[in-house]
């Protein structure tokens, strides 16, 4: 059962059932060596794919399996899954080895944007190019040009620790879609300064690259992030940069900085001021919408086959319901 | 000064200054006959244009002036405006007569949508035509077809009593723009059932035609509106109609009705349930955005020349700031 | 110890102590077959009586015991109870068999109203008969007549999933006592339209029969209940019915429907409008009182011998204190 | 017009119309002498009846009219009423003199309980007599016996400054009806210690006699009331009294004192603890209900002929609606 | 009556009574020329002293009086004060002329700190000198050295627009007393880094010098203040300055900046982060205490003779009570 | 390893690591005898020191170990510590015996004030002696004199169940430091009646000696505490005492009692009135500050070596950050 034969049926974490024999490929999210009360070693793993995470335990062949289960490894695992009201759900691993490339579809294992990074980068540059104001374009390029100091960090950062787009390139995906939405709305509703709004949308979460550290599942707030907050950090970075651009118009600077400071919409959500321009209102609300729809994406992936309702979700302050699931659509 | 000569300079309510001599055309918003403490009659008027409203008083020629000042009349008025910390602002009317057609631009007097009703009606029908589901299209046509019973009422209704689009055709303007925005967002973000979302957006405020009565400045909540609320009224109308459409799929019905019930977004705003589908989340948030941007439009019109900040506005829970005003744009 | 001899002492769930040998009759609330990590089967049960619920596990004679432990069965169980900070409280079952009729008092096992259903039904019909308005009586009879379509469903439904009267006939018990309380208060305080108030009290929770499904411990919200809410569902049912009664006075209809829509008292509790009539205020507050007193009943049953204080209870937003317990009263 | 002939039509404050000639009897609620800017004296009066209050001004015969217009006087007034958006509503008094007894119905002028004080006193004593516990009866009699020190003060006090029963004997009316309601509910719902609940209901507002001073329209909070609060004051009075009753059972004392401390229901309403017994829950909720229904009574009296809706009322956190008004009932 | 004789009795605004003849010295807070409805000019003034403000009107000798009543002038005024429920309180001015120096005590007219500015400046420099850390002392001196760019602006600024220390040097008074209180508390409670806490206390309100403009009664928020908020402005100024001090320790910088960002204590009060160090907690709470005690000072000055209670005050979210007033103390 | 040799390295609960062999002295906080499912006995212990608490289990030598592990015993324990995501952290005890006196530092085991009780008592008496008013001094001495009835109880009581100073003498430490802080602030800010404020500060928590029972870890609210609340209990005790002091001035009594009633600062925190004097504001805020700083002390002790951030703490409504820990200071 552990030769690199193709796995006939795909096992996803969300579909595991009590008592089921498992033969599947997972990514190792965490691992630790423990000692039984009798002194023998055993192994604890956290295995995952895009649909969720499962705790696993290895009682036998501990040394061999430990050797191929560093965090981040992709392993083919055989064993049995069981659920228990007291002990929780868990996978007892019988065998595990490094998975061969042809054995799995990477898209099943590591979550990421639905669109490839290169495509998003090119969409971003196209959008920046539509900004008419040379000052704003220069400001945007000072952050997003390929040789800009923060560019690579921003491009690779996740958008959040958990709620939405919590994966590599998630911040790029989130800011780009918010900016595209803002651009579309500026065409539908009158009176909006599109250049200011699009610039604010692209820069609104810049402080996150100082407020968060790490990548993917291991992302954490930095000391700086906790002590100062992502909004003041972003405000400082953008204002500092603007002061270095000679002749940047004062009123445009204030309009963009106001978007950054107010984009959480309410004081109790951490914005020191509330949106008082059309552009700040627009960025705040499309950012909010994008975050919520991102939460629907995350939740939908975690539901088991046939499930329509999620449990209570903090990001939504409620449950999510999917009248038709992606699987129905694929099936249809 | 009161022959039908052209008025050289346009007087708008928002631009009146203390002590100013006035010769201008206004619409009569309200009028009442009063008695001085000595028993003589005088006249109180509320005069307005799109930029605001001013109280006026007529001490002389009361009978003649009363004859041409029914509510809704368009009158040319001469007099003097004064402001007083104690007595408030007021216009003392010396002469008034029915305005001749060439003397004024109707767009200065009666607020309305920036786009003509016919155009919006045609945009609405185009949008309905893009709905693929025959059931949903039939539902929409049962309300919006030219010969449908509620069509004319819905087309002419204002969107609100005060906050935004509080004028004839305002409801059409609001629902159409929300539905267009929803349609655009359904193209930007994945996983949205566009037909359901657009239908919900078009029908979300249907209950308002039973919850409100009157038009323009005189719009009031009905007894029914206060006792039942616009959301249950709209829910009843749409569910009742759906039950008359043979074979309307149950799940589609629930999806549309859920949008109507949840579109205020939170229980404390009067929705008995909160949005738990992508489509309901989307309609709620674009409705909210449309209302707020509509408030910016209303507020901008009411500001005097050169003013950049409004006072505290309940609809925004804050002040509005206009870095550049429409007037600047026109001037430029 | 497992022959059908009479159990000398009554064991109730609330009185179980760590280490205690148990020989008692319980109802099976849930059961599931599991697999030990070594592959052998074992049985998990949820056993209960009116005072609470206990988790149980069966390691031996699994097949025999499984045969008599379908959900809903009444079984005599012998074993030992133990409490553990880590593993929680649990009953290890040694033997179990179907209980014989004489071995137990059904009132100890299955919670229910303190008054028999037939008595409540007769009280309901007496109360309906006191309603003077023929229209309102006709409306009530259209729901509560013995041959009415919803009658049996309403009579058997529980009042809630957990908080109060969460048992068969609980809805009848709750609505009847609220209506009786409303009727008494209409005699104490002036200005109340008793017919309208009593009718509203009897119908206020009608939507629950569509919003909930199942019975007793297994009651769950339906999709319809989650997507539309019990209040709009009840509003629709009653308004639809009223529209079928020829000549039903419009103002009386609005008065009754307003009670249904506002009976949660506040927007944040799910009412789309707040009570603005004496009758709606009265029904809301006696409904609230009835629910809270019902929570005291539920909590009192769950306390162990000698306990005077409950823990924090969500329904009360606090703890309950019983200066004298039912047991003291019985003892006295 | 000012001879003591019978006034053909009753003028009530709520029915005054702009421009109306007035010949009516009012009670003087307040009066003050003022000086015109030219130095001449004039008189300002606040005139009222049970339906409201009107500001009045006397320009002529100032000395004569002042002589009969002490606060509390009942005067027959002739003049003219006018309403003005700027100057408010006011009555210009031409003549005024002390009203003769046959000229008016006292019930139109001075608000009070619908039941006579003697009747309420007798109902109170009957209710006290039904309390079985000798300790509680002794406690009640120590406050309510005819020769008890606080009896007369409590009997005459209003229940509130404004919201409900804000008139002489209002506190007696309120506490009696709450206690009667509590007694009725103790018969409907199981598990309530009626003696404790009725005693708590009668004593719950005792602190008000120290927290408020004055009578009727002029009632004000005392320094003590503002610095300590009516609840701690009442708690102190009752606990102090209990400590003087030899052998008063400790648990009964705690049960009654808990009702007093918790009767506002929530910390944010000024109760230092929340209700955690059935009896405290019951008194809190019937007190709340009684207060709200009392507000409906107050509001109904203040509405003009034909009015169905009140404006926003702070006591109700909303508007009140009267489908049928008392006048309709009288008319019918 | 208008020769420069000494005024025998001091008239303060708070002590004015209806009908009183006035001969007193006031500062002119505002003035405007108006036109009567008949076209004649009159003058409106706002006159004040440290105890309050009174509206005044000049009907005669308008030109002469206007000449000496520029805003900020100190004038001796004779006339009569009257109060009226409808028209409010007002002073009718008969004569007015520039006051001579000996005629008044400046401390009665212009509010200010109880301690002289020079004394506070010297106390500030003493406090700065106690800071042991050379980095922090250098930072403080970069703002507060006599030749520092912001020094004069900071020294002269008021602490608030209205609530407390709303006068010249008020910011210096407020920050100094908060820093002194913080220093005292650092000696009472263990574990506090006094240098960091005192530095944070002195700099916490620095952003106000960009967020507010103007002085005394005329102070207003700037566009920058409204769009960015005083906290981000102060954060930017201090962080920018720190970055220019070579070798400033990163952890000390974060500790001071965290105090500035968190000093409003809660997100809903405009701090983007909440205090999470002892030093930030201390500065927040002593700042809060200082503000509240400052409000008591302001309120006490505005009360009339013998008044003990203020009305509801927004800064206190309640009323203030003065068991003994300053006047009693002086008298004693 | 279990002879009374000196333990080379100190083991504190906060520093335990997974898999570590333990040989350390702890205090027994709780112990219970349990039965394995096979009927054999085992022992569960809760062991602690000032840095925290750890669960422990004894499988062998149960009888011997039980004999020396009564709650409150100080024992030397050898065994192994393990952490497990499922089973939690726990110490498996191999041997345990009563610790000899020289083996441990009591300060590591039992938390207490940083200052000795005798010193605090003497500081208290010095502070009381500074109170000038003979009435207030008499009041304080009636509670705090060495022979006063409540003195010993108050001196030994903890300040809280958990949040701060939850140890013997904690109430004395807390009230003394609040009163000292209040005294210092009365010297910094003007207008404060120091005698009243200091007296209020010393007495503000008096009700806690009736509201809480037990000591140290085992402290619980009494029935009286839950039913009446600590504030009314303290109010009653102090008012009752004042009434026994002949000639105690009424206004001073109200001032002190107002401090006690309002010291939680807001209704929602259990104060029936909010602070409306300078003295009550001051005591409330320094009490609040003292409680928060006490929480920092508690949290700092519980952090492991090198930890800078705590988790979310309910008392702070956030996390605590320690830029420098006590250990750093000691090391430096």
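Just a few scattered comments:
In this document, chain identifiers A, B, C, D, E and F correspond to the written order of the chains, with residue numbering beginning at 1 in each.
Basically, a residue touches a chain if its C-beta (ideal position, glycine included) is under 8 Å from a C-beta of that chain, and two chains touch if they have at least 3 such contacts.
As the structure is a computational prediction, the values presented were derived from the model and not from experiment.
Common neighbours of chain B and chain D under the contact definition above: C, E. Steps from chain A to chain C, taking the shortest chain of touch contacts, total 1. Of all chains in the assembly, those touching chain C and also chain D are B, F. Seen from the Cα centre of chain C, the chain whose own Cα centre is farthest off is E. Across the two candidate interfaces, A-B and B-C, the one carrying more C-beta contacts is A-B. One simple way to say how far apart two chains are is to compare their mean CA positions; for chain A and chain D this gives 62 Å.
If each chain is reduced to the centroid of its CA atoms, chain D and chain E end up 43 Å from each other. With centres taken as mean Cα positions, chain F sits 41 Å from chain E. Counting partners per residue, chain D has 223, 226-227, 254, 276, 319, 321 as the residues that reach two or more other chains. Shown are all chain pairs that touch, namely A-B, A-C, A-E, A-F, B-C, B-D, B-E, C-D, C-F, D-E, D-F, E-F. Remark: chain F residues 18-19, 82, 84-86, 92, 308-309, 319, 321 touch chain A in the complex. By the touch criterion given at the top, residues 223-224, 226-229, 231-232, 235-236, 239-240, 254, 257-258, 261, 267-273, 276 of chain D touch chain F in their complex.
On the side of chain A, the complex with chain B involves touching residues 114, 177, 180-181, 184-185, 188-193, 251, 254-255, 274-278, 281-282, 285-286, 288-290, 292-293, 296-297, 300, 316-324, 326. If you check the complex, the residues on chain F that touch chain C are 34-35, 37, 44, 55, 87-88, 90, 223, 226-227.
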